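The same chain A turns up in both complexes below, where it pairs with chain B and then with chain C.
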Partner chain A sequence: MDQEILKVNNLKTYFFTEDEEIPAVDGVSFSISKGETLGIVGESGSGKSVTALSIMRLLPVPPAKIVDGQILFRDEDLLKKSEDEMRNIRGNRISMIFQEPMTSLNPVFTIGRQISETLILHQGMNNKEAIEKSIEMLKLVKIPLPEKRVREYPHQLSGGMRQRVMIAMALACRPEILIADEPTTALDVTIQAQILELIKELQEQLGTAVMMITHDLGVIAEVSDNVMVMYCGRALEYSDVETLFNNPKHPYTIGLLKSVPKLKGRREKLHAIKGIVPMPNEITSGCRFKTRCEQKTLICENKEPPFIKLGKSLVRCWKYQ
Partner chain B sequence: MLKYAIKRIILAIPVIISMTIIVFLILHLAPGEPIDLIVGPNVTPEVYESIRHKYGLDQPLIVQYFKFLGNLFRLDFGDSILQQRPVSRLILERLPVTLKLGIAGFILSVIIAIPLGILAAVNRNTIIDYTCMTGAMLGMSLPTFWFGLLLLYFFAYRMRIFPISGYGTWKHLVLPAFALGLTDAAVTARMMRSSMLEVLGQDYVRTARSKGLAEKVVIYQHALKNALIPIVTLLGMRLGWIIGGSVVLETIFSIPGLGRLMIDSIHSRDYPVVQGSMIVLTSAIILGNIIADILYAVIDPRIKFD
Partner chain C sequence: MEKYILEVNGLKKYFPMSKGFSFKKEKQYIKAVDGVDFYVKEGETLGLVGESGCGKSTTGKCIVRLHEPTYGEIIFKGENVIDYDKNKLRGYRKQMQFIFQDPFSSLNPRKTVANAIGEVLYVHNMKNKKERIERVEELLNLVGLQKRHMYRYPHEFSGGQRQRIVIARALSVDPEFLICDEPVSALDVSIQAQIINLLEKLQGNLRLSYLFISHDLRVVRHISSRIAVMYLGQIVETAESNELFDHPLHPYTKALINAIPTTDTVRDRKKILLEGDVPSPANPPKGCRFHTRCPHVMEICKNEVPEYKDIGGGHYLACHLA
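What follows is the complex of A and B.
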């Protein structure tokens, strides 16, 4: 568990438009060890996906630019790699699956062609071997009749099946890290559970580290070992999953957990965090959460809190100073 | 696949029938009697009537139409009033010329437009994009005949590289084919650019990149095949149009093609020839559309064959 595969230090990814700069990810640090699942949770616009795409170096430059930080993958900085070296890593040693299974597969190529493509590219297989391996991968992700499916096109499959294909594709080369960007958001609840179960199972079989990005705390509770709560381009709380759920510390995390409906006990009005996530460039000083925090004090207005270590957690809040 | 193709062809039948009605009516409703041209003003009413009778022009319109339709099935477009020869022969003599020009222009337009459209999309908002699209805008706004005249002036009159007019060698074909192809390429290049841009923003292109594929493969395999789907439809339609579009160019370059034949016949009210050539040209457009639909299904697996 302790072998660190990925270590992100002070990552800053900004977007530059004609008249403003938007710090979408602003100094985020975390690490993932072999076989570990790190959950990254946050509302829309908190910088989760940008973090993931920064690791893959898949953001369009311009407007995006990684202005500072390190992404150490097996102690090598991905930000210093050439485009060719990056291509060798993508889909091979670090893979990614996306939110939209309906549109993430190419509609004009067969499933088999799309899975075998990575195998031919990264593993030097020939066509026949790659198709055989693709069928094996489809079996692994529990798609019935894989020999038939391998010749079919994405539109012939349901959303859940397509996400399974995406997983098969991402794991075909046995990557060391799988980045899952909201893999279950677009799926039915029953399918969601199956997909999460599948990811967990394959992770155990293959020893892959998983970075699970989601806004769904239920998903986090289900799969994560560690959790990072992101807000407005910053990490506000970073701890192991049990501590986070049993003893949340940051007012934002507490608010998030309160806004999850409960099955037990009396039905109460659902808690909502007031206001909306500000644009990352709206808050220039003080704590990022100050506009929506109910426990705000004077210092929060002017000075941003550092990460404060509390037991196993890191919290960015003056309350714990 | 075959079933789909047959279905598409069957669906074209009502279109063809409507087309024959329109072609037939337009000419018969136009004022002026064609036989006036043959008989001249000094003729007795009896002779006049007998000639009308000979061409069937004294019968009710509906009877004339069905006769016309019946003859069409046998590819018999009647005889030319002026030249006293079967129209089908006249058309067959001219058609290869028009086809050669049309197809040369079409191929030229495709090999110019598609790479330019891709180039512009991939280098979006750079000087390359602006140059390509300004060129395309010019090509679209310049009338074909004017562009043809410009080419004639520079390459035939001033530089004397190509002959000014006539038909016979491949050199005669170069300028008109360029005039036709370049103006047509403008439309296709713009479509190609916007189609490619749309596809490049799709999730599956991001997936392709996330697999570690080279940018070449992402663009020329994953994106291009999708971007071509709307282009194929457009090209099918253009194939028909470009053959019809050579009417003007044939006149400018004095090429003895179907377009010239049609224009000459319109001037001389040679009904059967006008009808025959219009039917051939409109059929080319319908055929182009059928080819586009079939190609469409070949590229896009989401189109069902049954």
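What follows is the complex of A and C.
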């Protein structure tokens, strides 16, 4: 059962500009098994999207460069693949949904044409088969009147519908991994609930592993099995979802959970984490969270904590040494 | 009788549609706001929630007359603002300030903080430069920034800091009322909490009243004393915020609250999933506007518009079920 599909070891993706190097992702490791959902949560600039794009090898080189690490997909290192080999994997065995359903569809092609493109390319279908399969996919993602929609253009659909089309497109080739980068951030809550439910349902039907990237802790709690909390290019805490929400360990995770307004009970003053998220290249020594941590000690200043195993979770904090 | 600082009665805003050549004689309108009533008591926060396109921002902009309302009354401290001329409007806007969603586009990139805030003071008759600088310093302190930030440009600040500058600018003219249109939506969670706390502190210290517009129900519940829920240009339910969350009556409010992802990891709660999308405000459904998506739709809902009325204890509702 516990079949690891994707294993990322010590991934380091840096951006090189004229006078700086920015460690956007700096030594991140995780794994995803079949049918599992891994949630990656973090604030803007924490490196969660760069992690996803590194796996897809979609980052522009230069300025980006994967300087170290391994991305093992079914025991094959994606970083050693040629561009042609990658093209066979992308959209076929690993696919991705992006945040903006408005901009990730091509406005001048019909929905059907865009879904069938992947099918024709990867599955060798002819036009007619591909369109039929597209209609089937649209049905799967619960778009009403799929026979009609397949001939329409993106501007004729609402935001929620477009995101459904994106999902249909991503799942058309039955990928083994689906990477969802903030798939519901641009949508309204009631539509968000529909889309999350849909992703969960399809995951059960197709057995796809999902990597869910979001800044919304609620979404994470709702869909994930395991969670990785990222901050400034590093993973600070990595554990199963129950432990993370009921017994968070890292001061950053604790602060983050406390800063979300509650839905029940008495309203108390919100706990705010002081200060601002630093740039990834600002902190060169010690713990990444030291500038905002309320429990900082001398050791945090100079030495970065390793991942410490505590029960089922991994925590990067000296407090638990 | 409690004092209402702001009262909005029957507010409507229709935008004419110009959709190319048409044989129709009738002009078509997008009914962005279509008959909205609410009031804000002195010193309280009224939360206005709804999904995108429901008309909540348009309502806010109508109140400061950035949009001219098509119909309705806006009564601020006993006077109808609709009748104000240009001069009176300036005085009114001094008391009624607006904070926009995006702190990246609401500051002029070519003006330093001192200039951005100082300009407001200058326009509102503080001509002495030294006094202005002192006032700017005082305002920056108030919102948790320092004197050294005064001569910097917007790009040198983070999102949260910019939102603080925007708040300082709004406060510079000593307003009594702030309309906050999604003030924290563009910010990270940890920064969101900072700004919310700041807004609460300022309200306590300066006796401000807020109209807090947002799509984020968590934030609205936290900050508001009362909440109004909007759907397709109309308010469907208003209640005291704990009451609204504990006993929502309108099916839309229920679905909206139910749709918020919780941080509870217990996943057995019953889901109410709404079907379909919000209809277009150009051609809203007949009868109750929500009937196309309502799980409890009845025959009457399709034809008759439910009346928006007080059902006791300041809980207002527009639904045939009650």
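The definition used in the following text is that the second predicted complex is superposed on the first by the 320 of 321 C-alpha atoms of A that agree within 3 Å, B and C clash if a C-alpha of one lies under 4 Å from a C-alpha of the other, contacts with A are read in each partner's own complex, and residues count from 1 in each chain.
Criterion: a contact is a pair of C-beta atoms (placed from the backbone, for glycine too) under 8 Å apart; a residue touches a chain by one contact, two chains touch by 3 or more.
This is a predicted model, so every value here is computed, not measured.
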| item | value |
| --- | --- |
| Combined model on chain A where chain B meets chain C, clash or fit | fit |
| Which of chain B and chain C A:Ala272 touches, first, second, both or neither | second |
| Chain B versus chain C as contact partner of A:Glu43, first or second or both or neither | second |
| Vertex chain A; arms to chain B and chain C (CA centroids, nearest 10 degrees) | 70 |
| Touching partner for A:Leu121 - first (chain B), second (chain C), both, neither | first |
| Which superposed partner A:Asn106 touches (first chain B, second chain C, both, neither) | first |
| Partner chain in contact with A:Arg90 - chain B first, chain C second, else both or neither | first |
| Per-residue touch tally on chain A - higher for chain B or for chain C | C |
| Which of chain B and chain C A:Ser158 touches, first, second, both or neither | second |
| Superposed arrangement (fit on chain A Cα atoms) - minimum chain B/chain C Cα distance in Å | 7 |
| Chain A partner contacts - residues on chain C that touch it in the complex | 51-52, 158, 160-161, 188-194, 196-197, 200, 215, 217-219, 221-222, 245, 255-265, 267, 271, 273-274, 276-278 |
| Chain A residues within the chain B interface of the complex | 56, 58, 86-92, 95-96, 98, 100, 103-109, 117-118, 121-122, 153, 155, 166, 169 |
| Chain C partner contacts - residues on chain A that touch it in the complex | 43-44, 144, 158, 160-161, 188-194, 196-197, 215-219, 221-222, 241-242, 245-246, 255-257, 259-264, 267, 269-274, 276-277 |
| Contact set on chain B toward chain A in their complex | 202-204, 206-214, 222, 225-226, 229, 299-302 |
